[in-house]
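Pasting in a structure now, in structure tokens, and then I'll have a few things to ask.
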Amino acid sequence: MVDSGHTAWMLVSTALVMLMTPGLALFYGGMVRSENVLATIMQSFSCLGLVTVLWVLFGYSLAFGPDVMGVVGSWQWAGLSGVGMDPGPYSDKIPHLLFCSFQLMFAAITPALITGAFAERLTFRSFVVFTLAWTTLVYLPVCHWVWGGGWMGKLGALDFAGGTVIHVNSGAAALAAALITGKRRGYRTEPMYPHNLPLTMLGAGLLWFGWFGFNAGSALSAGSQASLAFLSTQVATAAAALAWIGCERVIRKKPTTLGFASGAVAGLVAITPGAGYIDPVSALAVGAVAGAVCYFAVLMKERLGYDDSLDVVGIHGAGGLWGAVATGLFASYGGTVLFHGNPHQLVVQVTGALATATYSFLATSLILLAMKGLMPLRVEEEHEVEGLDRSEHGESAYWIR
Amino acid sequence: MVDSGHTAWMLVSTALVMLMTPGLALFYGGMVRSENVLATIMQSFSCLGLVTVLWVLFGYSLAFGPDVMGVVGSWQWAGLSGVGMDPGPYSDKIPHLLFCSFQLMFAAITPALITGAFAERLTFRSFVVFTLAWTTLVYLPVCHWVWGGGWMGKLGALDFAGGTVIHVNSGAAALAAALITGKRRGYRTEPMYPHNLPLTMLGAGLLWFGWFGFNAGSALSAGSQASLAFLSTQVATAAAALAWIGCERVIRKKPTTLGFASGAVAGLVAITPGAGYIDPVSALAVGAVAGAVCYFAVLMKERLGYDDSLDVVGIHGAGGLWGAVATGLFASYGGTVLFHGNPHQLVVQVTGALATATYSFLATSLILLAMKGLMPLRVEEEHEVEGLDRSEHGESAYWIR
Amino acid sequence: MVDSGHTAWMLVSTALVMLMTPGLALFYGGMVRSENVLATIMQSFSCLGLVTVLWVLFGYSLAFGPDVMGVVGSWQWAGLSGVGMDPGPYSDKIPHLLFCSFQLMFAAITPALITGAFAERLTFRSFVVFTLAWTTLVYLPVCHWVWGGGWMGKLGALDFAGGTVIHVNSGAAALAAALITGKRRGYRTEPMYPHNLPLTMLGAGLLWFGWFGFNAGSALSAGSQASLAFLSTQVATAAAALAWIGCERVIRKKPTTLGFASGAVAGLVAITPGAGYIDPVSALAVGAVAGAVCYFAVLMKERLGYDDSLDVVGIHGAGGLWGAVATGLFASYGGTVLFHGNPHQLVVQVTGALATATYSFLATSLILLAMKGLMPLRVEEEHEVEGLDRSEHGESAYWIR
Amino acid sequence: MKKIEAIIKPFRLDEVKDALQQVGASGMTITEVRGHGRQKGHREIYRGAEYTVDLIPKVKIELVVADNAVEGVVRTIMEAAKTGKIGDGKIFILPVEDAIRIRTGESGPDAL
Amino acid sequence: MKKIEAIIKPFRLDEVKDALQQVGASGMTITEVRGHGRQKGHREIYRGAEYTVDLIPKVKIELVVADNAVEGVVRTIMEAAKTGKIGDGKIFILPVEDAIRIRTGESGPDAL
Amino acid sequence: MKKIEAIIKPFRLDEVKDALQQVGASGMTITEVRGHGRQKGHREIYRGAEYTVDLIPKVKIELVVADNAVEGVVRTIMEAAKTGKIGDGKIFILPVEDAIRIRTGESGPDAL
């Protein structure tokens, strides 16, 4: 039966997760050069547009519809047929439609996360094709594996709010995308500063805020588990932000604002799979490690040489992997794990994360390589220099006198 | 009896609708020239200030107080006397005070919407007088007609969340305001670009987020109808944004960021009256048509020649009218409509919308013409050139080094 | 027993109060010069980081743990031991962990408020030390006195949402901080304009929005009192904003945007201690007086000559004091007060506020003087001229072409 | 060759630019500057305090032209920039020894 | 007439402007520029990477003055702009052939 | 001494700056300007309307150098700034009568 309290919380959580995509748009938008800020914002917003339509037409059905051999959902719920105002199979306390809406917001933000990897160079057209293809061929199946009744869920992998489905997945895809689209013109020879860090900090604030819906909302109810997930999220985020600026203090002498924000996002990512299972003091540890791990993962990019413009690999990929592992170490509610005497869970966690990373990396590569055969992925060099805002969208972001 | 779950949701919805006014301030603020951004932001914020006071003193009473001949509410609840902590006549699950607060936020944003029509030229003083007069003479009665027990509600007009009360109403008022205040100096001869599109996109994000409170909150409860309204809102918004940039792609060759945001708002407007009645797949259609209709309505401004600075007529007016019609076509919960065999509902819908538009246009014209006799509506030409931020408020928006 | 509706509302309220700190970061960030915006934003965000960790380790225990002689909580709950998923002593309707999270957000924003007093000159290192020391030595005990079972609560002081704990407290600390850190270089000889007022307005909007969680959330339940607190908050804010710009209109001839925002914050501050007790019409009076009182308190700074960069004393100090008094005058639910025949309450209110102000002023002074002996509080003069963003954080806020 | 530097009111820029184009002087470089002179600044209010902002936004137009074009260009700017109110701005004429077009290497008046 | 171009540290602008006004040179035009010279830039950090920013914010003041006023103006600027540290900036003096006030059409030193 | 003013495409700035530094001309002042010339602007779209933006972002580099350094500097700029496409920009050479270093008071070529 629909419960007003749980429904209230899930309505709010859904709205909060929706807000994360505009938040991401600004977080990313502030980090690019000023002549690409609109193009960057546009990609995130467009994910909200494209994925919403896709989700209603067939996405929800393929992800959450009746299981087909553990691999994908059936077409039975296409056009949301049968997805109604009564509770569905995933929760008996909220309308099925609401669960579907909540999940939609996760599906929308995941490809938006990837856009950070190829920022400042992809054509809008390629972005649209990629987003539709990737969501269909990568997101929907992986989501089904973990949450829709697929093999990974059956294996017992713990992924409370999408550490694997969203972050490992987008991180691996980002790596493929960065490699295949190639470096930005002038990468490492010209300065590429963030053009508006206050905008980025605003975005970080909105992401942090929205993430309470993401993590605490994943309890699908307003009760103890949601409360635990809420606090663990806050604690891990704080610890990770401090850890990141601590690393900066030691290595570069100066703690930075962008470092704080990056650390916070790293913490949010890392606690995601375990938020509802991990107690607040363990969350301190999860967060602190996440801040350091992601800081060094980002530094490594410099060595490895690919141009993941906004560090999706270093933050969502590395943070997501650590989160999957951390869940296998620290989870204390909802399953026993390593530190509570069950080493097997750790194996399951790692298996799930690596399988996702591998599938996502390969499938993303195939999609982009296929696309490369059919259309130019990147804007012309001249337009890259001039900026995508003008060449792709015919706009300028700022006219400030 | 007060239910904690429904009350929780309505508290949140009220806060969400409140946030829409600051969101609108930024949405509009980013679209004007940089020397008018504060004046524009100030007008929206001031609506929150002015209408809140008015609402407590007499506004709520005139809009929702005991009906007087189907036209207006009585003075009985002035000063909120008798509006208490127990449920009132409009909902038996939430405190009467909370319903009053929820409705207040609608009353505050409606005149703020109109400010887009006369942006960059009205004196602050005229704006204040206009807002007080318009809210009293136009908003309160129209609100009463539809929701407060007035004739339009009795007629059976469906307006779930205020498509007619808020959007058709503000759109028609905007047309009158644009015509009577006249064009901006330099309109069509000087470039008038939006000065800060990232700000506008942020505003659009906040509007989208807040609109879930607006539409799903209008169920006045946290249950199935709220969930339906939530998803329909999301779907129509996405479809409309895509439709708008699709039109741009075809006609101007380039999809724009501002176009995406404008389309999203068009979709939000159009689904408003039917959000709680229309299923998600129909919402796709409602949104897609809204995006195209509003795109062309905005283009038409160029031909008709009035200067509705920020396209309140093209988006809220046209989108609101289409929404009223669409509700008569697609509503499937809460009433039978054309596509479900009841052509009469469509007639009612159109009647309600046109009556509102006519009343609003005429009353707004009278208010402004009367004001014009008593005080200068517009700032002096020199001040218009210099910008309203300095001349009206003694401030500059940016001092960035 | 955990109630889903109340829990839903408290989850949301906690998230809303969290959002206030990023909101404050932007509100403050827009008001400083552009070469200090990141340093300013960084301080607020860092409070979220630092206080969260401190809270989990021992903060919650010292503030809310079992009372020790009315002065402070015991260490019993350090590391949140015993703070679990079931309801705790402070509410029987929500998980104890959730109450702990809600209170955490209050603890995080309070030192962030103080940063406005020493903006544009403190080293990041001093800020970190100060925040940890101040939270431990000032915030935790004062919080305990009022809400944790300490002497002030026992005395019967009414402080619904923290007018004394948060605002009087931070205001008095701000005065000490402004006096001890000294004036900014160039104060009163060079212009120090706000560099980005739209950012400040955005911050004000987020603060206003988040404050509904702060005030209405302090009911700890989703019912009548929360609804009352919600509406009183809205009304006082609106009235105070109008009062402030009214004063400006009279005294400086021009109502300003920053004035509106400042007045709004003054109203939010002043209604805080009485939000759940004061009816909406009285809230009009509380707000209107708050707007005027704070306006003149800010003007007085000019005369008194200390450099409280962002007017924490004038707004949070003065507004907080007036709020404490106003609660003693107007509260009509939850206690009888002066205007309802109980003059004694007023004495209690004033005693509580003055005791807090005195303790906070003295303890803050001691902390800062001790620090001054151990490390330089302020950045070097050269760095102050160059801006803290570069010297402290190695960053530039804007690279806009 | 001479360099003509005109400091004008920002809102006259479009008119001046169009007028110059019509007399065949299409090459020019524009800078946003702030000016101080007889035109009084305005007061800005920031919470309690009031400041006078005495640097007023202006636009500087720079054109390098052949000697014989100077007079025409100056006249065109004067006509298009004039509002008759204080603060309309100044035109300065400076000698230029050489001009080079980067793309082709042409120099002298041919480079303009 | 001469044009005096001074590149100074931004935070000395107010002092220089006031000093010039006191010696009667109230007309001037200010531009925000970035300078490169002996003064070392600073390092900026962006996530992993570190960059050196070697273009330092400066302010350019331009005044056209009558020949006999040059010395006084230069001295005034030097005094007000000097901090004695590297990066204090330069003053350049260029010849000006004519000056015109747009509002009135006056030309030569009268136009200043 | 001469003043060399080069108007170039913004994305060539780093290359030009580095090249100049290598030929020993490290002192320079950079201004962000907008240019109008043969290079066509681009169209911007704002809801219904379309505008042509014909002021294109450029960077102005100013260097004051001793007479004998002019040729080398000009050549260096030309090489580093050239893309061969329209809009590459111009170099102007103006006479300078004196230069003063504010910090030390040195004047003439020594001040550069």
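In order of appearance the chains are A, B, C, D, E and F, and numbering begins at 1 in each one.
Everything that follows uses one rule, which is that contacts are C-beta pairs under 8 Å (C-beta built on N, C-alpha and C of every residue); 3 or more make two chains touch, one makes a residue touch a chain.
None of these values were measured; they are calculated from a predicted model.
Undergrad: Give me the fewest steps it takes to get from chain A to chain F if each step has to go to a chain it touches.
TA: When the steps are counted carefully, the minimum from chain A to chain F is 1.
Undergrad: Which other chains touch chain D while also touching chain E?
TA: Correct list: A, B, C, F.
Undergrad: Does B-E or C-E have more contacting C-beta pairs?
TA: The greater number of contacts lies at C-E.
Undergrad: Pick from B-E, C-E or A-D: which pair repeats the contacts of A-F, with over half of them the same residue pairs?
TA: When the contact pairs of A-F are compared with those in B-E, C-E or A-D, C-E matches.
Undergrad: Once you find the CA centre of chain D and the CA centre of chain F, what distance in Å lies between them?
TA: The separation of the two C-alpha centroids amounts to 18 Å.
Undergrad: Using the average of all C-alpha atoms in each chain as its centre, how far is it in Å between chain A and chain B?
TA: About 33 Å, centre to centre.
Undergrad: Measure off the straight-line distance from the CA centroid of chain C to the CA centroid of chain F, and report it in whole Å.
TA: 51
Undergrad: Specify, in ascending order, the residues of chain F that touch 2 or more different other chains.
TA: Touching at least two other chains: 31-32, 44-46, 50, 53, 94-95.
Undergrad: Touching at least two other chains at once: which residues of chain A meet that condition?
TA: 3-6, 8-9, 12, 191, 193-194, 196, 202, 206, 222, 252, 254, 256, 258, 393-396, 398, 400-401
Undergrad: Chain contact topology under the given definition, line, ring, star, complete or other?
TA: complete
Undergrad: Quick check: in the complex, which residue numbers of chain B touch chain A?
TA: Touch list, chain B to chain A: 3-6, 8-9, 12, 16, 33-35, 93, 193-198, 201-202, 204-206, 208-209, 212-213, 216, 221-228, 230-231, 234-235, 237-239, 241-242, 252-258, 260-261, 264, 279-281, 284, 398, 400.
Undergrad: Please name which positions on chain C make contact with chain E in the complex.
TA: It is residues 186, 189-191, 385-386, 390, 393-396 of chain C that touch chain E.
Undergrad: What residues of chain E sit close enough to touch chain C in their complex?
TA: Its residues touching chain C are 11, 14, 42-46, 50, 53.
Undergrad: Quick check on the complex: what are the chain E residues that touch chain D?
TA: Answer in residue numbers: 3, 17, 21, 26-31, 64, 94-103, 105, 111-112.
Undergrad: Within their complex, state which residues of chain E touch chain B.
TA: 10, 32, 57
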